[in-house]
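First the structure, in the form of structure tokens, and then the observations on it.
Chain IDs A, B, C, D and E follow the sequence of writing; residue 1 opens each chain.
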Amino acid sequence: MTDTPARNDDVALRIRGLNAGFRMSDGYLPIIEDVNLEVRKGEVLGIIGESGSGKTVTGMSILHLLPENAETKWEKFDFLNRDVTGMDEEAFRALRGNHMAVVFQDPTGAFNPAKKVGWHFHQVFERTAVKSPDHAQRAKDWRNAAINLMRDVGIAHGENVLGQYPHQLSGGMLQRALIALVLAFEPDLILADEPTTNLDNIVERQILDLFRDLQKRLDSAFIFITHDMTIAATLCDRIAVMYAGRIVELGATREIFDDPKHPYTQGLLATALALEVKSGERLQEIPGELPHPGDLPPGCVFAPRCPHVFGRCEVERPPLFDLPGREVRCLLYEDDDVSGR
Amino acid sequence: MSLAADARIAGADEPLMRIDDLTIRFKLGGGLSGIMSDGPKHLDAVDRVSLDIRKGEVLGLVGESGSGKTTIGKAILRLYDAHQGSIFFRGTDITKLRGSALKALRRDLQMIFQDPASSLNPRQTVRTVLATPLLLHRVCRHDEVDRKVDEILTQVGLSPIFRNRYPHELSGGQLQRVAIGRALTLSPDLIVADEAVSKLDVSVRSQILNLFRDIQEELGTTIVFITHDLHVARYLCHRIGVMYFGKLLELGPTNEIYENPRHPYTEALLGTLKPTAKDDANAPIAEAGEAYNPTGTTVGCRYYARCPYRVDHCQTAHPPLENISEEHKVACYEWQRIGQR
Amino acid sequence: MGFIWYLIIRLGGALVTIAIGAVFVFILMQLIPGDPAIAALGENATDENVAAFRRMHGLDQPLPVQFWIWLSGIAQGDFGKSITLAQGYPVWDLMVQRLPNTLFIAVYALVIAVVISFFAGSIAALRQGRMSDTAATSASILGISMPDFWLSYVLILVFSLGLGVLPAFGFTSPLESFSGALVNGALPAFAIAAPMAGVFARILRAALLETKRKDYVTAARSFGFRDTFVYMHYIFRNALIPFVTVIGVQVRYLVGGTVIIERIFGIAGLGSMMVDGAFGRDYAVVQACMLAFLVFVLGVNLIVDIICAFLDPRRTH
Amino acid sequence: MTGTSKFSGVSRRNFLVGAAAGVTAAAMPTWGRLANAAGKNHLNVGLIGFSVVNTLDPQKAGLNSDFWALSAMFNGLMRILPDGSVEPDLAESVSQENDTTYVFALRKGVKFHNGEELTAEDVKFTLDRVLSEETASPNRAKFQAIEQVEARDKYTVVLRLSVPSVPVITHLHNGVTGSQIISKKAFEDMGAEAFSKAPVGTGPFKIKEWRPSERLEMVAHTDYFRAGEPKVASCDILLIAEETSGGTAMLAGDIDVASTIPFADAPQLEADPNITISRMAGANWRYCALNLTKAPFDDANFRRAVSMAFNREAVVKAAIFGEGTPMQGAIPSYLKTAYATYERPVCQFNPERARAEMAKGKYGEGTEAVVLTWGSGWWKRWTEIFVANVNQVLNTKFSVEVTDANVAFQRYKAMEIDAENTGWIGRMELDEYIGDCFRTDASRNFYKYSNTKVDELIDAGRSEFNPVKRGELYRMAEDLIVEDCPVIFAFNNNAHNMWRKGVEGFVPTPGQHLGSQLGPVSVPS
Amino acid sequence: MAESTFSPKRLAREILRNRSATAGVAIIGFMALAMIFGPSFLPYDPNGMDFMAILEVPSWTHPFGTDAVGRDVLARVLYGARISMLVTIIGVSLGGAAGTLIGMTSGFVGRWVDPVVMRFVDLLMAFPIFVLALFLMLVLGFGIQPVIFAIALVYVPNFARLARNTTLAVKEEPYVQAARLMGQSNLRIMLREILPNIAAPMFVQLTVGFAFGIVIEAGLSFLGLGVQPPDPSLGVVMADGKDYFLAHPWVITLTGLTLMVIILGLNLLGDGLRDILDPRLRKRSMA
């Protein structure tokens, strides 16, 4: 194997200055701007945002899986301490699966509807065979390996599941199977894109428990994309909050929950947690609506909804300010910036 | 003040609507699936459910997808025909109403749908949407329509400038406000809100929840609020009914249900709410067993396969809904064992 | 098994359609003005000739009786006898002579259309937005826009009279000489195939593009599978379903095309026989041809459904 | 047919682009196309413009195409020569016992396809069968003058007629007559239905397979009574419905001999050195039949006006590309004894006289009438020209209505028309042009024309055995008819026959009778 | 956000932005102009016979040559295209209207009506399309009105099925349920709520229908069953040209070419409209 990067650092992924958008029939539509991320091995990074905030595009950019009409720009993309910026697509393809893998939001859609679940396992094990002779050996006995893996993710009768078509399985079951597929790769980076959104409450909880459990067992780096603050709180080590294509706040989970800096984070926490703690009072609102990516305000993208807005907000796109243990994209914290900008 | 705390409200003794032994039966696919499956050719989406809806209350119906909560909601509104049982509204069985009597009934019963984008005719302006029922039911004269429309718009927190907009020019939150406005045009006695906030973004959701509460407090409209979101249910509802595969499993005042659940399923559902610390290994909240197959031939309790409390007796028949206190009903043979953990 | 049941029920449905179709065709035939006696006896016929002819062929019976005789005949495999096309000739024998030719041309055209569209559609989808896509897409829409009967004459002009490489007229039954049928059927088959190939290519392109956007394709790419593998097993495999479905829909255009084409190229097929029969008011022949077309279209649709059921496990399981 | 199929002969054509068009005759295998053809002594005959041969039973047959095909398998007692004269065929001689009794001495040793010898019984059986009401032969009317058929001995047949009739004798030829002699034994053995598919006659070819609306496959009748005929071992008659396809088939070498060609293609085909075209005045006449019982054609002045307003030259030139001649009556030039060589003013294009004639009658400008037509392009085209022409000259409001042949003929028979373009082809007997069409109550006099003087002349003509005198009588009748103008006489089109280089022995006839001419035809080996 | 509401102005803008729609509009526009104004610019009467100029090769005086009776082929083609288009547009529109009505009612009413109607639609759809048209011509007789009627009838099942399927989909849309909850009558729901929302696919189908409808017209007239002389339609002119196609191939080839260009324009327009009007495709392009 030539595409295995050396593992001499525990930073699995480092991204600087990621921009992405789509070429549309009526021009270019920017979706995300200036995204900077870092994930260490064994760490769970949560990306939180509402629909349209660009969190999925961020995730798919990392795997080079955006649709053909997408355009991405990177300042820097290090993966396992190897600079993969501008790597050619075929070489990057070799990284996918064996080194970075995704758990999708809709497990039903992630399986080839014309093929049985077993076929998927077979192909995935075949794909891992290049990793090492052990893997090659395992690929030969893929059936047992698959059943073992499925047991790990809580599928008791894997042998039955192998012979079934995706549509014959429930969403929860499929999500477990998909996770098993991803685990078969033993990837260095796992991206989970709202993996529980389409599931019922109880199953959702079970899958989340499974993730929590896996994350403890594996030393992979995790990126967990979600719109749900509660889930993020219970699962993630660090959290990046996205709004309208930008990371507006990034920091350790506990700190962000205890002391949200960005007005948007504050509002989000207030509205989300208000329901949970059940004050019984009127819920706190974030007034207004999410902006359309093609129609962003000229200044801070949150300015029109921000309770702390002041003059410059409406004309200036704030950069990400480095605070101790925190990055915030808000002019309120300009003076607290420690990077010396 | 908490609404839920005020569970017993004026006129509670005399239900606005009484659902009696209601069954809604769907024929299963005439085409392929019907022929291919060996099972029965129909599905009881709602299976012998009895329920009172009290005047002025917010009754929450919670459950997972496929539990029949939406079906009940639509049956109340005569969008589905009852296979068996009756629905008494102000003393009249409405399941048999036709023609002008049905049209008259429409004024009193309204609905708010899950997906705001598809609940408004994309070819009609907001004004048309709101004016149609006004004119159809002769609520006001032609020359008063615009004034009345503006009144409604204001009531749901929209500026009158929205009057001539088309749905695609509105955001999700605004659309839902229009939909709520439409439901209010005829000053109905009862509104069924079907997952009315689940498609909305977190930051917009609280706006709409607040709107619901305002309307309820101002107008005293009875609301049947269908949701899978337990936080939302707790926030908004006076009483909660828990459904599972067509059956009503538990019914009681919100506080009672949340603090003292007496059905294993309710308990499991609520278990998903408990914020889990990141490192906290949780006991399974429900067995991972196969869910009940609604088209199968299983008799006995529908929750049997996943129930941690199951005993042999549970397999004989689905337990009846019993009063365990004046306000609290449970359909479980083993309810006394629940909640004691 | 479920699938067998499915087949039985589909076949039953088709039979019902055919039965209603039989009534429909019979009524339609009777609505056509004119008299088979004139067609059969020619211009010398006298009124008494005509009367004798009508009596001889049971045309003087009340319509319901005629219908009953015809229907009960069919139930016993007797499609009646021709009266104006080949007096006294059993219609079934005529069908046996003609059917192979029409089937051959239809299948030939279908194969040409599928092969062309396979390449054109795939290239267009794989190189979406590039020159080859534009070329393939333009060629498809040009193909769709060519009326087959006009194309026939252009083909004759170029390939028969101009280049002298393919015959303009005459056809050999594939039962007599398969290679002969292939050569002689080339122009008519191509004339029918060209517009269809255009339709198929566009459908395939659209289906491929749509499938390409599916989540499972993204998932497959996330597994790091090779592009060719993803194309074959994910994209093409699943795009086949709408592609095959469209073939079923197109059959009624295909078979309709044979009516004019068979005349132009002098192919003794069902289409030309039906036209001759219609002009000759040969009721039994036309009714049988119509039923044959009906059975053919329904049959192809059934086969298409079965293929789809195999391609798409969601339909059978 | 040499076993190679060539697509040569069109390469000179200027409309084809590219040097490829200049490539000469590329030899190509036939790919087994005409399966019998490969390397054998085989003849392919194209019957162009027809899609149906309805029956092979001569007494049942009614369509021209029926006879053109089946005549290859039969003979009549008489045969007709290209110049119109009649001579004995199966009969050795014909003699007259008195005005109404004819004696036919049969040729001896003539064998049917089944090997049986032809006897007087077969002839009697055949003729009785035509005459029997039960048979419902469409040609029965032709023989109504026969009172009795008698088989005097094995080789002698006697016909007794009710009136002296020349036409009856002519109608015994192997054409559109229904009098082709069939084998009594074979017919009785096989039954009518089987016989109609595989008939047994005395002709040069016997049936091998009949594929209706497609082709007739025949093999040589080796015991044919004309020594040395047929010249080929097998022969197929192919039905080619599209006229254009007939031309391309000939150019491509798919057929060796054909009757009729598309008028437009004649020069093209003629220019091809590999194809021989014969062209002669055809045994046909084209006219516009008028409904004499109702307005506006109940007025003779108006009819004459229309006739004189009609530019026949233009129709001949444009509708049939000059392949024909304008007609001044019903008798085509091929029937020389009766053909009028002088001008008849009523049939001459003359706008002034036409308008003057119209002024004398009941109807004037703006008169409306619908001309019914049907059929192929050139047929509709001549209707179109006719109508446009008359409207232009007379300022009338004639219009064209098109329907299919069946409906057209049905309405024609019932005279549910104002006018209809029609005509007859393949008639060899003079009486068929005058007597059948214009005698009071004649079988094809649907327009109910009646003129006692004409009737008398026709009756005289029917019993006149001297051909010259007979022609005179019919021409005189025609003079009277033209003056009454019961139909608008239009034109006579050329009869074409064509054959490929190397084909020999084909004798074209004005009636384009194909089958009866195939015996002496040979193909290059 | 899916754009599903169109003002004419907006539609025009969308068409201009769509390559194939623009091309289609350009071609159809050009052909329409040629059809409407062309004949009056040409010094020839489409029915004016000139026996001095029979079957002339295309030249500057007769760009498409002349036919057997010396009529200018271009004049006949332009005039014939007008008749062909008119016949097709009226026929397909009639069929489309009837089919939409039948399909919409069938889908909306459901119960026993739907299976009965759909069985009949299935039956009609099992007949080869040209065979059905040919038959109807024999029953109805030849001429312009029968062709219109035959084309209309042939198209009824296509539209009925499409309308029914889209109606079934739209019927379940919450806004239709909402309309019912407002107490709107079924008729009103069909006309106000459903029809406007199934109009787009019907409209697309209509354009595509024109494209094949004109082939049916030409085919029928080509066989001599359709439009009848002296009225030229494209099929009539081609049928004329067929008679002398060996010697004078330009009449059929050039007329056919014109027909092809018209169909091409309609197809391109249909393609473009589908892109513009089909919300499913639009959503996808946003994904």
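In the analysis below, contacts are C-beta pairs under 8 Å (C-beta built on N, C-alpha and C of every residue); 3 or more make two chains touch, one makes a residue touch a chain.
All values reported here derive from a predicted model rather than from experimental measurement.
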By mean C-alpha coordinates, which chain is most distant from chain B? D
Pair of chains joined by the greatest number of C-beta pairs in contact: C-D
Just how far, in Å, is the C-alpha centre of chain D from the one of chain C? 38
Rounded to the nearest whole Å, what is the centre-to-centre distance of chain A and chain E, using the mean of the C-alpha atoms as each centre? 51
Here the gap between chain D and chain E, centre to centre from mean Cα coordinates and rounded to Å, is 44
Measuring from the mean C-alpha position of chain A to the mean C-alpha position of chain D, what distance in angstrom results? 89
Per-residue multi-chain contacts in chain A, two or more chains: 67
Can you list the residues of chain C that touch 2 or more other chains? 33, 157, 161, 213, 317
Chain D touches at least 2 other chains through residues 10, 248, 251, 404, 407
Contact footprint of chain C on chain D as seen in their complex: 5-8, 10-11, 13, 16, 18, 20-21, 23, 25-26, 28, 30-35, 51-55, 57, 60-64, 66, 133-134, 136-142, 192-193, 196-197, 210-215, 238, 240-242, 245, 248-249, 251-252, 254, 404-407, 409-410, 413, 424, 443-444
For the complex, which residues does chain C have touching chain E? 16-17, 20-21, 24, 28, 31-33, 141-142, 144-147, 149-151, 153-154, 157, 161, 210, 213, 251-260, 271, 274-275, 278, 290, 293-294, 297-298, 301
Chain E residues touching chain C in their complex are 20, 119-120, 122-123, 125-135, 138-139, 141, 211-212, 215, 218-219, 222-223, 238, 242, 245-246, 249, 252-253, 256, 259-261, 263-264, 267-268, 271, 284, 287
Chain B residues touching chain E in their complex are 74, 77, 79, 102-104, 106-107, 109-111, 113-115, 118-124, 132-133, 136-137, 166-168, 179, 182, 186
Interfacial residue positions of chain A with respect to chain C in the complex: 60, 63, 65, 67-68, 93-98, 101-102, 104, 106, 109-115, 123-124, 127, 165, 167-168, 178, 181, 185
